[in-house]
Amino acid sequence: MGMLEFFPEWLQYHGAALAVVLPLLMGAICAILPSERLAWITTLIVVSICTVTAFGLLLVTFGGESVIYKMGGWDPPKGISYVIDGLNTPVIFLISAMALLTTLYGLPSVVAEVEPKKRAPFYGAFLIGVAGLLGMVVTGDAFNVFVFLEVSSISTYVLVAMGASRDRRALAAAYRYLILGSIGATFFVIGLGFLYMETGTLNMADIGRKLQELEGGSRVAMVAFGFITVGLGLKLAMFPLHMWLPGAYAHAPSFVTVFLASTATKAALYLMLRFSFTVFDVSFDYVLTVVTYLFTGLGCAAMVLGSLQAIFQTDARRTLAYSSVAQVGYMLLGVGMATSLGLTAGYVHLLNHAVIKGALFFALGAFWYRYGITRTEDFAGLGKMMPWTMGAFTLGGLSLIGVPLTAGFISKLQLAEAALQRGWGWAVFVIMATSILAIIYIGRLILTAYFQAPPEIDGEVVKRNEAPLMMLIPMWILVALSITIGVNSDFVVQAGQMAAEVLGGIS
Amino acid sequence: MTPHVILRVVSKLLIPLIAMFAFYVQFHGDYGPGGGFQAGVILAAAVILYALIFGLDEAKKAIPPSWVRIGMTLGVLLYGGTGVVTWLLGSEFLSYGVLTPDHPSHGQHYGILAVELGVLLAVASVMLAIFYAFGSRQPELSDEDW
Amino acid sequence: MSYTPELALALLLIIPLVASVLIPLCRRHANIREAVTLISAALLLANVIYLVKIVAGGARPELHLGTFAGKFEIKFVLEPLGAVFAAIASSLWIINTLFSIGYMRGNEEKNQTRFYAFVAIAIAASMGIAASGNLITLFVFYEVLTLSTFPLVTHKGDAKAKRGGTIYALILMGTSLGLLLPAVIGVQVIAGTTDFMVGGVLEGKASMLAVSILLFLFAFGIGKAALMPVHPWLPNAMVAPTPVSALLHAVAVVKAGVFTMLKVVTYTFGPAIATGSSMSTILSWVAAFSIVIASIIAMRQDNLKKRLAYSTVSQLSYVTLGAMLATGYAIIGGALQIIMHAWGKITLFMCAGAIYTVAHRGEISKLNGLGRTMPWVFGAFLVGSLSIIGAPPMGGSWPKFFLMAGAIDSEKAILLAALIVSSILNVIYLIPIAVRGFMRPPDDPAKDAVIAIERKKHRWVIIPPVLTALGAFILFFFAGDMTDFLMPILPGGEF
Amino acid sequence: MFSAIFENFHYTIVIILMMTGLYVVFSSGNLIKKLVGLSVFQTSVFLLYISIGKVRGGQPPILVDDHSSGGEHASAATNLLAGAAEVPAGGAHHASDVLYSNPLPHVLILTAIVVGVATLAIGLALTVRIREVYGSIEEDVINEIDYRYNLEGTDS
């Protein structure tokens, strides 16, 4: 890793804290900045620094090392430690890079969708949300996870509610998200309480060690695992705990939707992995049972029912939101296999899906920006009205379906292979059947866009009006990335294998 | 608004006491129960009481909302800034020991003081901000319609 | 860089891809645009001929493009079957381009640039399929072919095109993602590789049950082979302009399907395993059933293109039947059928397109006496029909002969009967079209006189079918060479 | 059986509060009442945490011995944490001569309370806004309005 030389020694160690602290502090400053442009520039600089830092950390772990950052100089398990290892650096990088892209996209988008007075605080809330997500991924302390989980959630509620100036349903959606999100977080914290009762420590690695010594622990540990699973399940929109997701994605400002869709559920899923496989361990009966039957079962249910619901939506954002529920199902299925291959596949899909969904929601945001379109029937003629954006949407859609030479194909290939290796032939058919459902709900949008004439207003055909460059660039970066992964997926698969190595799983 | 004279007199007596108590809790947090969180809430309670008795506008004159907003940020920055200083001194984030290298426990003392002060500022400001935000909304319906 | 077989192999893909990039760049100048297509087609053909010679000499040029998704490899290896497919697709691309120029300009179709660009991509995908060295590469290009032909099928962009295109995409993508991909991954998991090897890779690794399941998945997963009941996409794809139907639905797409079928049976399963499974017997019955039923449906179609489409469904199942019988004769017969049917069927489609361009008629019942006005077209149609039917001395007679020999070899009298019945049905639904054109009196001689004048303008829709008809005839004499060329695909290298 | 309930009465209370809170959240259609339920639910968790920090016979975790020396300060804190680890096991005897209750859950729950307050504040703010734009804080009514909006695509 020759590139690592560009990153100072200091950053390789302190980067873990920097990536969290910087957006947190700057978020607070952003909230009181007088000018929105200033706030935007601050945000851009901060997330750029985070991205570079995250990239450095990624290189460190690709080099096969892991870092334990001692917050406040206290040694773990007493102090809070931040852990950088193969499991979380890809997610850290994903979150910060997506934050960077959405910030670029936000320049036109936020102006269109958020009231002028609220824009600077909006960026503040966004930065704090980024800090929360990064924090919950980076921290090695279980209670700290809860704190950051809530930091990110609370800022997310605010961000979703900001959609109210565009669509009042954002308020109801944010409220629903708040109730369910808080219940989820509370369940999680109850679980942590039980875990603390069982082991007397909050350091995740230490809990893991103690539980190993206790060989899985007593019923208290089981209850703890149950609560944590439900709590995180709510956060990651595990079927049937996904009720908050469609509304939140559909009515939030486009900016927020993109960021949420590509990072929030992913970070929660990362935590689920972390807790199920490293804090607890699949060698414990109850964990294995939950992972094998619950994750797989609910994953498959999500894939089928989420895709079916996606087909019947009249709002394009809702279609994609339900599709996200289904895609989380794919990840859970991979995780549910609990084999090294399955974990790799689930993790790879986690990364790929973030790229794909990000591109798709970027495109939807651009449609709204130019023509105020969200309903599927209004897609008529978009192929002519916004060829570049619709092109990006089409390529992203194909990737979601899982067409070869796109990222989605890599995910499905890996998942199917892992399923067969595990001896789960039926799972392959669920995967493929839901791909066919994806053809239907994506195809419907694409066909409407290309095969129906643009609408007429006052007898005049609506003219071509492409999205601004600041929207097209991040959109096409993700589309290009999706195709790059489809052609050469080595680095993503390598990240997946690295994560699977940390997780272990059953052999 | 002309509040009841008893309330006015009693509150005038109480508010300084409440503020004093807040600072007691704040600084005694080192040795006993207390700290920035609790002190912040108590401090905010003093202002809120003032607002309840004399009206929101009076309270806003005393503590303008812009101060509150700056207070929030300042609190967070004081907390984070302490960490940044320890960073600049070449140690981990919030590792107070480096503040006074020859006597680490003193550094810890100063560090925690700064951090708790930040917490006090932030919590008090946030509490006030929430109160102002809710209190200053103009209900577009009359009370009977609720 | 010297011209090596490896480079030639890469050029197979590069030439049409470069063409697909250049074509939109020259969209302002129609003549240059068409010239680009023609030149790249010619270059491609020259390249393929070189490769065919190399392969005939026993070499198997290889090219690795790297791996993706862990252990799956993108890899090209050219072997006789692939060389044959590449040769058909590239040679017919030239003739079809000539025809397209005549047709697209004659009918003043819109978006011609898009049309030529996507045809070039489709050809690139076909080349990818032909040269693929393992199943996963094949699958990738198989999907690319589906997607790149979608804009061609829906070229007209109206509601009918949308409906046809939807069915086309849904069935082809549904079967490939739903059945073919699991089968491919199944092979990878069971055999540890998806490479194509003479004699198969599953020998001794898969249980009989697994072989049966995989065979089933492949048979229906390769939707492009149009085995009943996954055939409806083919008649529905006829909403496309005729050059598309001609090139893609007589040559590239459907042939990609049956080619995959043959390749899978010979190189993945290996004839020995394939014949041993009772699933192959069942599937050969399905194929026979498809042959007969599709012929019967074809008889009932009045729309010329629809009739040809069902005829294609029927003829494709010959190849599937050959693959499922999996004896030496049957496999070679299937491979020959790919070649012969391509030349025969493209003739018929081009004739249909010529009739549509010149006379604006698409229904068989309206063709009375038209043969007198358009003798060359109807003559070519007759020759093509005879080749499809399998009447000597047309190229199409050889595959029928080999397949019957294969059916006799494996002692399946019913299949033999099905082949014979089908030949009779072919006569019934194809010959009357030409007969109607030559023998019946015209419905409206005045109109036909106008057509006779009109005809002169449309030289480029009439010459290509005549050329391919000639080809279908000449191929009869080269069957021996082709058989020798294909022989190495059989384990042991003999029948 | 009853004795088990009374011996662990703190758990009983926690469970009752928890179930009450959850029930109110899910059953009530009024947005404010839902928030009340949520707060009750969260409070039950605070109680749960605090009750597990209690060590039988333990004193409030305030240093009674000389705290002039920073070094000892730190070591006492360390002991507290070490003690915390042994709490669940039952017997909490350690080197220090004073038996402290475990302070860590208190600290944790302080954070959780702050989080709860923030959530509540945002929930209430949202409710106020919802009341302004929908004219109601009953979930059924809001859903009905949204449903009609979805069907008709306009704000009639």
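General remarks:
Read from first to last, the chains carry the letters A, B, C and D; within each, the first residue is number 1.
By our rule, contacts are C-beta pairs under 8 Å (C-beta built on N, C-alpha and C of every residue); 3 or more make two chains touch, one makes a residue touch a chain.
It should be emphasised that the depicted structure is a prediction, and the values quoted were computed from it without experimental measurement.
Taking the mean Cα position of each chain as its centre, C sits at the greatest distance from chain B. Chain A and chain C have CA centres that are 44 Å apart. One finds 27 Å separating the Cα centroids of chain A and chain D.
Separating the CA-averaged centres of chain B and chain C is a span of 79 Å. Per-chain CA centroids place chain B at a distance of 22 Å from chain D.
For chain B, residues touching at least two other chains: there are none.
Residue positions of chain D touching 2 or more other chains: 118. Residues of chain A in contact with at least two other chains: none. Pairwise chain contacts in this structure: A-B, A-C, A-D, B-D.
Chain B makes touch with chain D in their complex at residues 31-33, 35, 37, 103-106, 108-109, 123, 126, 130, 133-134, 137, 140. On the side of chain A, the complex with chain B involves touching residues 14, 17, 21, 24-25, 28-29, 31-32, 69-73. Touching chain A in their complex are the following residues of chain C: 66-70, 72, 136, 139-141, 143-144, 147, 154, 157-159, 161-162, 165-166, 169-170, 173-174, 177-179, 181-182, 185-186, 188-189. Across the complex, chain C is touched by residues 344, 398, 401-405, 409-410, 412-414, 416-417, 420-421, 425, 428-429, 432-433, 435-436, 439-440, 443, 447, 450-451, 486-490, 493, 497 of chain A.
Residues of chain D that touch chain A in their complex: 22, 25, 31, 34-35, 38, 41-42, 45, 48-49, 52, 78, 81, 84-89, 104-105, 108, 111-112, 115, 118-119, 122-123, 126-127, 129-130, 133-134, 142-143, 146, 149-150, 153.
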